Each structure stands twice: as C-alpha cells, then as structure tokens.
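Before we start, here is the structure in question, set down as structure tokens.
Each chain carries a letter (A, B, C and D) given by its place in the written order, and its residues are counted from 1.
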Amino acid sequence: MSLEKNTQAVGWTRDQMAERAALDIPDGSYVNLGIGIPEKVARYVPQGREFIYHTENGLLGMGPTPEVGEEDADLINAGKKPVTAIAGAAYFHHADSFAMIRGQHIDVCVLGAMQVAQNGDLANWSTGAPDAIPAVGGAMDLVAGVKTIFVITQHTTKNGIAKLIEACSYPLTGQGVVSRIYTDLCVIEVTSKGFELVELAPNVAFDTVQERTDAKLLDPNNIAEQS
Amino acid sequence: MINKFSTTAADAVADIFDGATVMIGGFGEAGSPIELIHALIDHGAKNLTVVNNNTGSGHVGLAALIENGQVGKMICSFPRTANSTVFPDLYRAGKIELELVPQGTLAERIRAGGAGIPAFFTATSVGTPLADGKEHRNFDERDYVMELSLTADFALIKAKEADRYGNLTYNKTARNFAPIMAMAAKTTIVQTSHCVEAGDIDPETVATPGIFVDRIIHVENPLQESRLNAQGRTYP
Amino acid sequence: MSLEKNTQAVGWTRDQMAERAALDIPDGSYVNLGIGIPEKVARYVPQGREFIYHTENGLLGMGPTPEVGEEDADLINAGKKPVTAIAGAAYFHHADSFAMIRGQHIDVCVLGAMQVAQNGDLANWSTGAPDAIPAVGGAMDLVAGVKTIFVITQHTTKNGIAKLIEACSYPLTGQGVVSRIYTDLCVIEVTSKGFELVELAPNVAFDTVQERTDAKLLDPNNIAEQS
Amino acid sequence: MINKFSTTAADAVADIFDGATVMIGGFGEAGSPIELIHALIDHGAKNLTVVNNNTGSGHVGLAALIENGQVGKMICSFPRTANSTVFPDLYRAGKIELELVPQGTLAERIRAGGAGIPAFFTATSVGTPLADGKEHRNFDERDYVMELSLTADFALIKAKEADRYGNLTYNKTARNFAPIMAMAAKTTIVQTSHCVEAGDIDPETVATPGIFVDRIIHVENPLQESRLNAQGRTYP
C-alpha cells in the first residue's frame, strides 16, 4: 500500500481517501467517478494497473484535465468540466452511454454521499427540503446499474452530524447499493449484517469512529486491535 | 433532389407552434444549439414543453428561452446550474412545471420514442421518490419500474457536419442527446458549422442518418454559452 | 404517367406493376423494398423525384446492383443479394435499423403478398402448413412500423386462386396494414369500406377483376366506365 | 496494461460450456465469424442455444455447427436458406428447437439485454401467431406485446478493425447484429482482420466501444461462406 503513513495527522485527507479507494479497484476496471472527491481517484491509479474511465455524458477513455488554454468546450465530463480523451477512447450518445451503465458493463462507480444506511441505502441527491430545486442527474442510473458502488465521503457533516446511519432520512438514490465506504476515518464494508470495519485511518481509534457513526459498527476481524 | 439545407434559423423554426414539445440537444453548453434557441426566442412560441438535460446557464441560450417566459414545462434530469437562477426563481414562484427524470431514463425514454417502443422497464429509481406512482414489476427477482417513451414535435440540435440528406457527425462529447432527439422528434432542425457534399461523410461514420433530419442551417462560428456568460451577455 | 400503353397485352407485366407502384411514391420518400417484384420499383423512380432506399440489414442509401465482378460479400440487401451504396449512404446496426422501421421513420414499404384481406390484413410469411419451416424475417416489423404499406402481387396464384379475399386464411403478418395493392390487373386502395378500384390495367375489364377477387370490389369513382 | 488480444481461436472459445447461450453475429454470410464458429466446432461444446438471424448455408460455418449436433435450440427470424437443408432436416426430425422471432424484435431484445432493459413493448407481431401467449397492452389506442430481453453467455462476432481495448469498427452491412450482441453477452469474442494500435481508430467512429469486448483474435483473410459452399466444402 502506497499511502504515506502520517503519524501526526488524525485520519485521511481527501486525497488519501481517494488513494485508498483506488487501491480496491482491480486492474482493467471500467470506472465511473462522481463529482468531488471521487474525481481525485483518477490521480491514484496503483502501479501496474490500468483503469478506463467512463463519463456518462458520452466518453469512454476519459483522460486527465487539459492544460490551461487547451480546454475544449465540446470535451467535458459529467461535472461539465473540461477533460481530455486517451488514445483508444470512444464517443457515443447518451442512450448508448447509459446502456453501459444500466446494462452492468461499468465495474466500479465511486460516488459522494449525503447519507449511507447500514443496509447499503444511499442518499446523495436531495435533502428533501421543500424549497430545494430537485436535481438527480445520473446518480440513480449509476447506483442501479454499476456492479460495485464505492462511496467516498467525510465521515460526518461539517456540523458533526453522522452520515453513516441506521436508516436514511433523506430521499434515496438507491436501495442497498453501496458496497464500501471510504471516509476520512476508516474503510467500511457494507454487509448483510451491517457496517463492518475494514481499516482504520492512521491514529484513529475504533471508539472515535463508532461515536461518529449512528449505526452499530461491526469489527468481526478485530481491526481495532490490530491497528 | 432531396435537399434539407434551409436558409435561415428564423425560417427553420418558423412553424414551432405554441404548446409544442421541443427537445433541445446539449449537455450543459456542449452541443447546445444556441443560434436555433435564439431564433426560437425571436420567433416567440409560448407554453413550450422543453426536454433538455439541464435548464441552461446565465441569461443566454436555454436559460434565456426560459427567462423569456416561453417554457411552461421542463423535462430534465438536472435543473440546477451554478450560475443560473432563471429556472429556480420561476420554479419556486410556481411559474414553470418540472418533470424530473433520471438522466439515463431520460435518454432511454427519448430513444424509445424514436424507436417506436411505447414503454420499457428499468431498475433505475426503484425505491426512490421518483418511482412513486409508477408501475412496478419483478423480472428475475429484481424490481423494475415501467417508463413511457418521450417524443417531441421538434428537436433542435447541433452537429459538426451535415450533408444535403441530413447525415450528421458530431464533435466529441457534444454528441450527447442529439442523435436520440433527432430520432424522437417529428421535425428535427439542425445547426452545423460544416455543410458538406453528399458522400463527404464516410457512411461508416455517420452518427445520425439523414432519415432523422428535416432541416439544416449553417452556423459557421456558433456562439459559446460560457463565453457569453463570462461577458455578462443576455438574450434577446 | 410514363407507363407505355400496350394495347395488345392484357394487364401489366411485373415491371409495369413496379413502375405503377413507383408513381405513387412521393418525392423524397424513404422506401423499403421487399424481395421479388418490389425490388424492381427501384428501377422506375419517376423523373424529378429522389427516393432513399433503406435495407433493414443496416444501410440507408442503397444503390443499384453492382456490376459483375464488383460484388462485395459485406454489402448486401435484406434478400442477401449484392448491392451498392450511394454517395450519402449510412451504415448502422440492426437495432438502429429497426428503430427506423418501428419508429415510423420509413415512409413507404413495398411488399409481396400471399393474401390480402379487404380490411387490409396481410399474410405473406407462412402458409401455416404443418411441415413448413416457419420464417418471418423483418416482415412483421415492416408492416407494424412503416407509415404506408404497398403490396405488389399477381392478382391470383398460378393456379388461379384468389389472393385478394374477404379474410386471410393464412397466418397474418399484420392486421389492417395494407394501403394499396398493385396487381397485374389493377390498382386497389384498401379503405374502411373494403377494396376500392383505383385503376384498371390496359384491356382489363372490371368484371374480370371482380371474378378473380374473393371479395367485393368497390368502384365509387366509376373507374370501370372511364377505362 | 489492458490487452484483449488473444492468441488463437481455439484459446478464445475454450471456455464455452455445454448448454451455453451463444450469440453469433452475421446476416447470412455478411459478418459471420466463420473461423470462430469452426473453432467452436473443434471445441465441441454441446446443447448450445444459438442466437443468429439465420441458420447458415451449405455445410460450413453456422450450418456446420448445427449439423455437428452442437445446437439444441435456435433463436432466429429466418431459419430457411435456399441452399441449406441442415436446419430444416433436424427441425422436421424434432432434433432441434426453434424460437422464431421477428427480425426487429430479435434485434431489440438483444439490444435491451445489453442495455439492462428486462422487457419492452412493441406493436410488431400483434394479431399474428407470434404474439400468441404474449402479454398485450394498449398505449395511446394501439395494441402492443411485451417482449423480454435476450442475453447470452458468449457472443462470437466479426469486426474490421480492433485495438487492444476492444474498440471495433465493421465493414459495411457486415455490422448488422455484432454491436448489439457484443453488448448482450457476458463474454464477447471477436475475430478481426486488422489489429491496430490504441488511438488508430478515431474515437468519433468507434462502432463498438471496448467495454463490450473481451477477447480478440486476428484472422487476416477470413474464409467466405459462399465461396466454400460453391466449392462444396464441409466442416470439419
């Protein structure tokens, strides 16, 4: 594992969360990255692996951000930011692009989250506030169609409210869709029994994570003791 | 001789009637047929139902069409934009209707409309508020919702190249919704920066066969939404 | 009308039937031609008109039969015969091709028939014989999807059995789908009232046609008298 | 490094198991992956369900696969060929099953399988024996039947060009079923006459994006079914 152990800091930075998630993506995977921290995953492809990035607006083989001045308004990602295309890319229309998603051809999708429930339910598109402008984009298609859904998120909101909870209070994006969660504090696997600890970030105690999680955190492999 | 080239954008949109359903290509500004949208603003047809993934940005293009009070209803997946309050303000004021559709379901409903499929099943949105009131059905132990096709009276799209038959190519991710909207609309109106001879487009690489296209106008150097917005431009 | 009046012959030849059908296809139409006599329609495009031919195996802008020696096994029509492509053609896959058909983008389809009923029902794929190998191809898609269906057929079978009848006895290809019928003897419009005579071929009497038709032949415009 | 090039046709088809569903590209001989079919004959997997528009001609390719007793069921639209009695003889003898599907419904069922659509409605076949037993439903005053998607364990297809990612182009009407079968199969195996470098295929003109492709073999000069048949050839 190439993550630098930082014995000073408590927990992972946004980049480290992305780097940690990238470690769990197998070589040769077709990957779709959500907006925000998930986009950073592309910077941390583990040595010896090649991922192909899909962006749902119609490009397979998305490359890195272009140099300043090299942007093309007709070459953007799903977040509407300028991107590039690798040698070996392909363009296609929206129905074909979502056929890749809905038809379970994309291996891994990494998304942000507002809430994740212990049964894998994901809420990441709306707080349900009455005056909010509802906007869903491709999130529901991605969670329904992609084989494996990873979530990268801060463990709690800025105000310290738990995002990993027993049951989502916000409107769902999908039911039982999340496989793994990468937070600043830990990696959690969503199992049929609930949240199972996979790894603790440096200098993070099990009790700290449990305290900030509004659901039972299981540790069947005694990760807490090994850390 | 079949010749789908039209003279002006004004002529091309002249028969768009009040109450028409109009699909407008583009994902954000990529592929947005801004000159055709501005012609539609000049034309003035009202109470339109517009199908687009978004609701425009700034005060030009689609946002300007909405701001001009011509749109009664939006069918889209993502009506929020960082730099536009046009749709949100009207929506909160109850002056515009919204049908929110997941992006892939939106694309597939349009494709179904063009392909003569009245309805299909998808797992997208099952268990969410967007599945409320929709017919559910189980296939092979998984739940799906039934979605109806979308068709339109008109489609406005932007292409890279067009020939007199209406064969089209697109530029990179500006392709997005254009090929399926061209299929789903009774009348498809295209703006292109390159009018070419029949045969200039390799038949292997035609992205939209001419059968889906009705009228083409030439816009050599299309305006770019983000640049206009950076300049604080408005339309009209 | 460019058909040569042949005062000697009784009725139309196969080529004349095709030529007569072509006269009813508007300029700029997208046209799909079935196997057999319908294929001949392409030879008789009326002056000043341009038709675009669709072949359901994946080509829009089908051109004429290639010169001997110029055939390409990868460029064929739905009858699996070598064809060419015009300047301005497009290739596409089968689902896109049938989207053109099912989505009512093709204006006219000209097909052969085993039986046509006075309500427009068409049977042209199977006699229903128990030992026949059933084979349907794209016929059911075409009649369900194309805006206007023309039938070109000999008025009766070789044995003199009527093909234009009150109700089909063979398994249907589609219900109420046929608009016009071009036979060696006449042109018939299929209306809500039944078979209506549009035109008699040279030297053909109304009674002759009625005799060979197992359904009432209407003549509201007194075509019989004008001939 | 992603590299989907495989060494031999034998290796590429080695895991096709008894009882597998195999989609085979081609409309008649155009697009028929004859070398892959012959490798499947050599391999010997039995009781296959084969999806193809036809049932082959003469005694090579698909007809030879059927003649060799490896196919338990055909799903196709047109099982008759002027010059082949292989399928008709087995069918009349009750030794092979047939699911007859209208050609466009066959294509759409395959496309639906690849696109994650479990079922859709079509007007095709309404009022005919092929609609018997199917669920009917009325939309906008027209009757439709519900059709289920088709998927497969393997697809065997023929391409013009392929790169290491599996991006494909096709030649003219040989494209036919290949792109949708590549989408609908768990494992898609391709034979191509041109192996090219990544980037050699213009991203605008890729007909099948590599995501739908698993293995590629190089067959520089593929056999041609009609020529073999004219020579009276048989396989094996």
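Simple rule for what comes next: a contact is a pair of C-beta atoms (placed from the backbone, for glycine too) under 8 Å apart; a residue touches a chain by one contact, two chains touch by 3 or more.
All of these numbers come straight from a predicted model, not from anything done at the bench.
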item: Shared chain contacts [chain A and chain D, defined touch]; value: B
item: Geometric centre distance via CA averages, chain D-chain C, whole Å; value: 30
item: Distance between the centres, which are taken as Cα means, of chain C and chain A, whole angstrom; value: 57
item: Between chain B and chain C, centroid-to-centroid distance (C-alpha), Å; value: 37
item: Sequence positions of chain A contacting 2 or more other chains; value: 59, 85, 91-92, 95, 98-99, 101-102, 145
item: Touching two or more other chains - residues of chain B; value: 108, 111, 115-117, 122-123, 170-172, 203-204, 207
item: Pairs of chains in contact (touch as defined earlier), listed by label; value: A-B, A-D, B-C, B-D, C-D
item: Chain C residues within the chain D interface of the complex; value: 55-59, 72-76, 80, 85, 91-95, 97-99, 101-102, 121, 131, 133-141, 144-145, 171-175
item: Touch list for chain B against partner chain A, complex; value: 27-31, 53, 77-80, 87-88, 91-92, 98, 100-108, 110-111, 122-130, 170-180, 207, 224, 226
item: Chain A - residues contacting chain D, complex; value: 28, 30, 50, 52, 54, 59-61, 85-92, 95-96, 98-106, 145
item: Interface residues, chain B side, partner chain D - complex; value: 108, 112, 115-123, 137, 139-140, 142, 144, 148, 169-172, 202-205, 207
item: Contact footprint of chain A on chain D as seen in their complex; value: 1-2, 111, 113-117, 163-165, 167, 183, 197-199, 201, 203-204, 206, 209-212
